[in-house]
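After this come two complexes, each holding chain A, first together with chain B and then together with chain C.
Our next item is the complex of A and B:
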């Protein structure tokens, strides 16, 4: 490089001073842009949001992060935390990469950056790592989504959960099954449980079976079928179901295999009173409802669910639609609830002091949320006593978007009739 | 040589006083650096020195973690003791795997498959044992005390992990200069020739895998009491298998300081870039950068960064 080009590329002292001076003024102007004597500049309150934004759960994680962000935007647009002079909430973003140790490290970083509360993280294993960290660092941690019972069993002082527990999910399934029998006046005598053999499928169906047995309901499990995740053909399994002649089928499946299962049930003309998912994804997603059309009708599934008629859901959904053109789903709706619950607690705490926040969180009684469930209240373990599932059923409707309907509990129901027993698959 | 020791002593002195000036978060990065350097070093004993590629070292991490946690939860045994029980168990399983592999002369890819198979089989078995938390995993109680290997702040973890790493360096240094270590290198360079020269290759292969498994499993105990959660998929899974070998490969396989150098480069790189890009709303980009750097190192520095580092340091270190 010769001297000339070097000269051109380098910055001399004067230029440097000019530039840095200008930059300094720029920064100062942007920070103190509004003359500070006009109003008492409210402090910002930092909340650390940790979601699995990259890695195997990236798509869901991006949705839950967006849920967190949109709720914070809403709170800030409505005057922030009024009891603290309209203090705005700043959401610090962390990415767990779906790994517990990364989640922990990110949580530690956000605490260092000033987070007074942690929020997240969609997965139970990451939640546990962060929960212990929260206890170590004495920072309140509000879980928007994470179901495993054990997380709150440790009696941690700083840990709160909005989502339903895995035990609550199974209990909900049994409760709705009983109600279904009462309402319809039909009692299935035999059943088949068919589940995918991964951790979720096995855990969920084991829990449900155990509860069903101890419930004293006159139902006999005539066959239990387990198949591996990612299976491409279920004809042999469905032949077994057909041979067992059950009245009702309890599937715990994943999106891919529910399509195969349902098509095979149709092909082999397995006669059933109905299909009841104790907590099974794959039977109500928009693509499934669209592709399966009439075959998807009348399936009942017990799930944590959105409450579309709530004003909070409508606000959140509008914002979500605007941001990504999709409806606010259950996970993102719970994520949307997180900052709302925190803001409500901060409003009552009037301070970012740990004790004040913890006290306010424990006294939470928050109704204006977008999911099916009672008011958010935390018990001594930190679990939400208002959390509940809904029973949903896919029902005929010319509008695809409106086919999935809440049928139970009554106060949230979008349709007052439950179709059970359902017409056979090939008679629709 | 003296200068090398002085430099290392200086580095160690700096590392020892670091907690005085760093935040808990920064200490967390260092803890992960030491942890992965330690695991990489343990893996290096087998793969770096004897040349038998193990892609299933997560197996030993998992055994160490699960054994110490199980003994602590069931029998109240302090993890300080439990981790050695885990080490012995890991060694035994390593010896069994080694017996199958070395006795029947499995080489290259076939040995790799054997190690993966052991890790995967163990993962599936643990996933179905209720006493080990099956597929929901084990959540550890948080009872901070020295006996329980659990602490409130990051500083104790910092010193323990630093101690682990330094110990592993000392062990490998002793090994490297010992007869056994030289035999292991001979096996790596040419197993048949070593055998022809009278090296009992089976014996030294078994020795290497036992030491490697033992050391790796101690790391598992540390992880368990740092993260407080064990899941079969994270403890025995493929991603840990790969995570574990990246650092020694990037740093320099079969060298004393390779795993340490690799970890000191890769771990902060992934941490800092994640934090940096997350703020700009470009999450995921850090993984791309991490991947590109790893590829570049493997392509252009196949012997690891340590070779270049030594070249740079030569003028300083060689002046007697």
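Our next item is the complex of A and C:
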């Protein structure tokens, strides 16, 4: 483009000021000047979605944003909110950059742009920042993937959480561990806890240890090993595990160190009845299952999980596959649940008025979702009473995609047997 | 058990230290010739690891075998970085040399993220799970191989620098750049070649690590830091120092787990770094001034 055409096409400062002034008046008029009954039946309902689309959690955040978007697409394609004349949902997008202060700013911006409900984010500290803001501004906020207990502890009136709480996660681990002992008839007497030393690893393993202690189960923790995130060598740590001669290993790891840990357990021939992750990433991801093959078998992990047999999961997964060629994972599936829960509430509220939405959200009883758990219902704190974890086990299957199976709870189980005690790593 | 554990840790430390040494050798070489610190070093190594990973997954060729090919590929990458980036900044103040190389590292890291995602990949190589038992002490076969090859490659690099014309030119440029120009050496080409060679050695080290640790774009950072510490330990630009520094760091990190919790591993390496900078800033074996 040459200079002349640029000049013709460009807007000079005066025109810009005039235009933006007019736009400002227009926005102000539409917000304040127009009688409120005209707001009652909007053509679109704005929902503000905040996810960590850039920054260190970008990969997960892009998946959760897509989960939000695909669910909204599904709702709109199926007639929108029928009680409001088929009103469509418009998703306003915000990016927390994986930082609490940015998440708060973005939430603020989306409220200014007219979001009647906020949705998101993966990452607890950002959710905390947004929750405080939502309570101040009196905008309902539905958290799709944030686990930290504290967020709902303050009893905020506008905050609802679909995901399981960190307390619920640990309680799930103990519940399944007890069931495992009952079913297998084998009670491990000694255990080693090996966890990565970041906030998640410490918090998770501390919580589990505390609960295990107060449970009265006859199990002795003979060694506790903590190692830094991103460690490249665990031979010394595994030598210590071997020396402690535990029956069972409770790891809380991250993808990467689980590979090193497992290989080292194999090389040093550490005898174990099994490996039980109270809530530990790194043992069931597609790459791990493929790379580790037989070594990956039989590890048990307590996780919030997808429900592959639900129609909602199959719909969401098909859309996700089409969009990015990957399976809908737990985080994205919870993000996919968010708009569904909101749409269900809007349908019953029949309005975008705050009180109506809050009332409808409190009365939620939503079953058609893609994750393991009961119907979504919110208690007085705003936590989902239907949220639960699943116990999964990697089991032999010629199809790599099908190796990770839900074994508990029974009503969601994909395999009716739990292998425990498991054959030793080098005997497989 | 404790003495057996200590012995095992000592052996593991020495074995890993050899690979550290090889990683740092490239960094030291680049510093010795050009006087720049390659802050993209770890990222270049990770590129080598991915190259080796894909050759293994797609063609089934073991990382130990594909090592030469991978080193050649990364040599080209290093040559290109020197040609496109580093040659332009050689005369800048040191602080300004840092940024282009840090950004090169960021670009490489994000290319890896874009192409292969954040997942940790760890292919099951032929010897990946083998171990040798000597009484109660276990020695990892893949580490023994990694160590031996690291020593072998280091030896070859020394021979190359001492005996070949190209090696002599590199040493000349490293010793006295102006002098080298005066006797008719094309120093720009020497620089390109040296950076390529430094990148190739670190890529070779990366190949040796493929059977031992999972690959992800994010591990690069730690290796840049480790290589940097090793080079400071051994003396900037001092090549035998790099190997010795690697061994010191490997053993120190490994043995520290006997008395300290593993979460403090990095404290050990940084404490070593601070002590060296305080009491022997030229490094254990003396560096280039």
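FYI, the second predicted complex is superposed on the first by the 386 of 428 C-alpha atoms of A that agree within 3 Å, B and C clash if a C-alpha of one lies under 4 Å from a C-alpha of the other, contacts with A are read in each partner's own complex, and residues count from 1 in each chain.
The working rule: a residue touches a chain if its C-beta (ideal position, glycine included) is under 8 Å from a C-beta of that chain, and two chains touch if they have at least 3 such contacts.
Keep in mind that what you see is a predicted model, and the values were worked out from it rather than measured.
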Touched partner set for A:150, first chain B, second chain C, both or neither: first
Touched partner set for A:88, first chain B, second chain C, both or neither: neither
First (chain B), second (chain C), both or neither touched by A:54: first
First, second, both or neither for A:315, with chain B first and chain C second: neither
Which of chain B and chain C A:99 touches, first, second, both or neither: first
Chain B versus chain C as contact partner of A:243, first or second or both or neither: second
Chain B to chain A touching residues, read off their complex: 23-26, 28-29, 32, 127, 135-137, 139-142, 144, 152-154, 223, 226-229, 231, 234, 239, 271, 274-275, 278-279, 281, 283-284, 287
Touch list for chain A against partner chain C, complex: 59, 197, 225-228, 230-237, 239-240, 243, 255-256, 259-260, 263, 266-268, 282, 285-288, 291-293
Touch list for chain C against partner chain A, complex: 1, 5, 8-9, 12, 16, 113, 117-124, 128-131, 138, 140, 212-214, 216, 218-219, 222, 253-254, 257-258, 261-263, 265-266
Interface residues, chain A side, partner chain B - complex: 53-54, 58, 93-95, 97, 99-102, 104-106, 108-109, 111-112, 124-125, 128-129, 132, 135-137, 148, 150-151, 153-154, 156, 198-199, 202-203
